[in-house]
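Alright, structures below, take your time with them.
Next come two complexes built around subunit A: one with subunit B, the other with subunit C.
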Partner chain A sequence: MDYTNQKHPQNYSQMEDLKTLDLEESVSETIMRDLRMIAYKLKYVLIPKEQEDNGKELRNWDLWGPLIFCLALAMTLSFKADSTTTSSKSDVFAIIFVLIWVGAFVVTLNAQLLGGKVSFFQSVCLLGYCVFPINIEAIIIAFIGSYLPFVVKLIPVIICFAWSAYSSVGFMASLVPPHKKKLAVYPVFLFYLFLSWFSLIV
Partner chain B sequence: MQNFGSNNELDEKGHVLNEQPKIKVKFEPKPKPSKCPICTIEYYQQFFNIEQRDVYMRIRCSILSWKPEFHQCVGKNPDLWGPLWISTTIIFILFAGGNLSRFLLEEDKKHFKYEYNYMYVAVLIVYAMAFIIPIILGVIMKYILKSELGVFDIVCMYGYSLSAYIFVLILCIIPYNEAQWFFLMCGLANSTIFLLVNLWDFMKKNKQTVLIAIPIISFNVALILCFKFYFFRLIYAVDD
Partner chain C sequence: MNSKNEGIEMKPIMGQDREEISQYDITKAAHPGICFFHIFFKFCAFFSYLFLGLIISSTLFQYILIMIFHAFDFYTVKNITGKFLVGLRWYSHITPKGDEIWKFECFDKCKRSKIDSSVFWTFQFGASCAWAFFVFTNVLSFEFVDILFAGIGASLSWINLWGFYKCSKDQQRKMKGVQSYLTKKGLQMAVQS
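Let's turn to the complex of A and B:
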């Protein structure tokens, strides 16, 4: 069977049909398909215009995307961290890794305890995907940050922080009753603030 | 003519008689009684039964600490949202602010070494103060000293007592010794007065219950000493 001539799936449900055939395809095919899936979901989460069906696409949650972005952020920041001692590199990696997963877990638990009815992993998936803008700003600052004054470094940090927070706040706020929205949204804000602060100071 | 395919009642001509409305019965399995009720999410949902307006009122009660209104604010509804997120905010401020304060003092700004240990120590100290100490005190008060307040009431009170430190610690970033001590003393006074004023009804019962003031005051003092001597210590350059 030859899959190389198939058209790229227009939406995720078409991708589902391909999953049954993945034992017969090459490793590179599988990896490319998974990467396309992650890219599709990323576009969906971060670009508000794509969300025409009110977040239903997120029901097909996955944790590969969040893992890739978490590792990329942790490695970027630990690479950039003070190289005079090896312990601070591993400190940074450990703190970022634990912060992202434990943070996403606690923020989701908070929304559930406030009465939000959402699948646990759906919410962790969304929070993980929204870490991507923080990844971008970490890479920008890692490479050209030492040549820029502090005030100029603040600009991409603030923009990416606002982008991350805005993308996830809409989803989180929709989970809980109206009078508890700020209680569900504040932890999300604190979570991305923590991560942005790290990318700024390292 | 026989109709094998239909379950409905038929009259002589084979027309369907009064179609029964299809009633959808939702089968919900009975929740199994858990062996460990404290371990379930449902147990803790009762402590998140508040609105943003309630949180604002409780923080306001805590900042205006000399008024014994906290029990009126809380009613029968202690919450854990406040203690959890106030303490997490304080951890962030200690980590970011403590290092920022050192950075402002540092002469050699290019080679500033960020101390990541602040994170671990902050998590340990703040969560101990916000959860472990009030749980221990609450258990002692409820089961040994026979207080009417539950353990979670005390946890809620302790959590909101820390809210003054959010503002105090932001101000402590200013790298002047006297200013930092002044702000920390204000925070200590506010937090301790809040706890003592709201526990006064319990403390005035007898001589034993007054003694609860001693651990309350000592833990608060220990907390600000940790803040000053670990996070906001001022390193003076030594002239040889």
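Let's turn to the complex of A and C:
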């Protein structure tokens, strides 16, 4: 783990000059700017052609995107859950919520322990954004899943799982030493596999 | 006689009360709307945590609303309220090498209203302590789901409090820096003349 928590960074005044414009920004501009950043990062993470430099744009991490997708997935799956007992719906919500954040934390910790030099929040941010395909798949299955046989439902699940895993693996693998790549990548696969499977069976 | 004495004694106390009330008089704040939202989302989060179960029977909607209010409160305090009410900002910056630097900044240019700052700090600190208290009581009574939501509220509130506290230390350091610079200049001028 290689962190430097500098109290007096060299380009402090530079950054402050650039960001003093923030003071004049109105509330709606701030919100729109953040929303645009989330949309841009989403496009960057999920569409492989957009990635010129792996992880460069992710330097400006934010956890709002992952929160939105986590909430959306938890809400989709809990609405769809067995409606005979109301307690199970809220359980599903809490489970998914805790699962995504604790899972992202554990996967990041694993990458760091393997000697990967990565900012904790940057990695959690990436893993959170890559949950978006699973969101799509959960919504598809929620709407039309009851009319389709199980095998047909598997198709969007597998496609979205592969999409999530592919998007995140590239970044995670670049963080650790080459001989430990598989060790770092394996938990990521597990993480998305579990989420996809959970969204299928709930 | 006693009542006359009491009448004389009460006056200074009442004067004191009036000063204290005016410190929290939102109508006289520089940004009343933003003060309102600073308090509003915290209030909504506490209300939905404590009382929403009495209004909505579905626990799922309770959980969803609590999470949404926590998120709104954190975002509002960090990005909007901190900037307008106390002129502070904190964030993380990652250098090209991959090192993460936390920056705590204060805006020199904005005029800080005393009412705004007192509203900001009181409610942030009060909310943080209240959530910590709820976490404590939930841990003692082993209510795990409540621990989750109170815990999230507590951690988000304390993170914001810590961030802005570090910013205000930076602000104090800057003020001291300005003061020492001015005194140095004053001494130089005195010596020259």
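What we mean here is this: the second predicted complex is superposed on the first by the 172 of 202 C-alpha atoms of A that agree within 3 Å, B and C clash if a C-alpha of one lies under 4 Å from a C-alpha of the other, contacts with A are read in each partner's own complex, and residues count from 1 in each chain.
Definition applied: a residue touches a chain if its C-beta (ideal position, glycine included) is under 8 Å from a C-beta of that chain, and two chains touch if they have at least 3 such contacts.
From a predicted model like this one, the values you see are computed outputs, not experimental measurements.
Engineer: Name the contact category of A:Leu183: first (subunit B only), second (subunit C only), both, or neither.
Structural biologist: first
Engineer: Which partner does A:Leu71 contact after superposing on A: first (subunit B), second (subunit C), both, neither?
Structural biologist: second
Engineer: Have a look at where A:Phe194 lands relative to subunit B and subunit C in the superposition and call it first, second, both or neither.
Structural biologist: first
Engineer: Please name the chain, subunit B or subunit C, that touches the greater number of residues in subunit A.
Structural biologist: After superposition, C is the partner touching more of subunit A.
Engineer: After lining up the shared chain so the two structures overlap, which partner does A:Ile95 touch, if you call subunit B first and subunit C second: first, second, both or neither?
Structural biologist: First partner only, subunit B.
Engineer: Pick one for A:Asn110: touches subunit B only (first), subunit C only (second), both, or neither.
Structural biologist: First partner only.
Engineer: In the superposed view, which residues of subunit A touch subunit B and also subunit C?
Structural biologist: none
Engineer: Mind pulling up the subunit C residues that touch subunit A in the complex?
Structural biologist: Touching subunit A from subunit C are residues 34, 57-60, 62-64, 67-68, 71, 75, 79-80, 83, 87, 89, 92-94, 96, 98-103, 105, 107, 109-110, 145, 148.
Engineer: For subunit B, which residues count as touching subunit A in their complex?
Structural biologist: Those in contact with subunit A are residues 41, 44-45, 47-48, 50-53, 55, 81, 84-85, 88-89, 92, 96, 99, 113-114, 116-117, 119.
Engineer: Which residues of subunit A touch subunit C once you look at their complex with the stated criterion?
Structural biologist: Answer in residue numbers: 2-6, 9, 12, 15-16, 19-20, 22-23, 27, 30, 34, 59-61, 64, 67, 71, 75, 78-79, 86-87, 89-90, 93-94, 97-98, 117-122.
Engineer: Please name which positions on subunit A make contact with subunit B in the complex.
Structural biologist: Per the touch definition, subunit A meets subunit B at residues 81-82, 84, 88, 91-92, 95, 109-110, 112-115, 179-183, 186-187, 190, 193-194, 197, 201-202.
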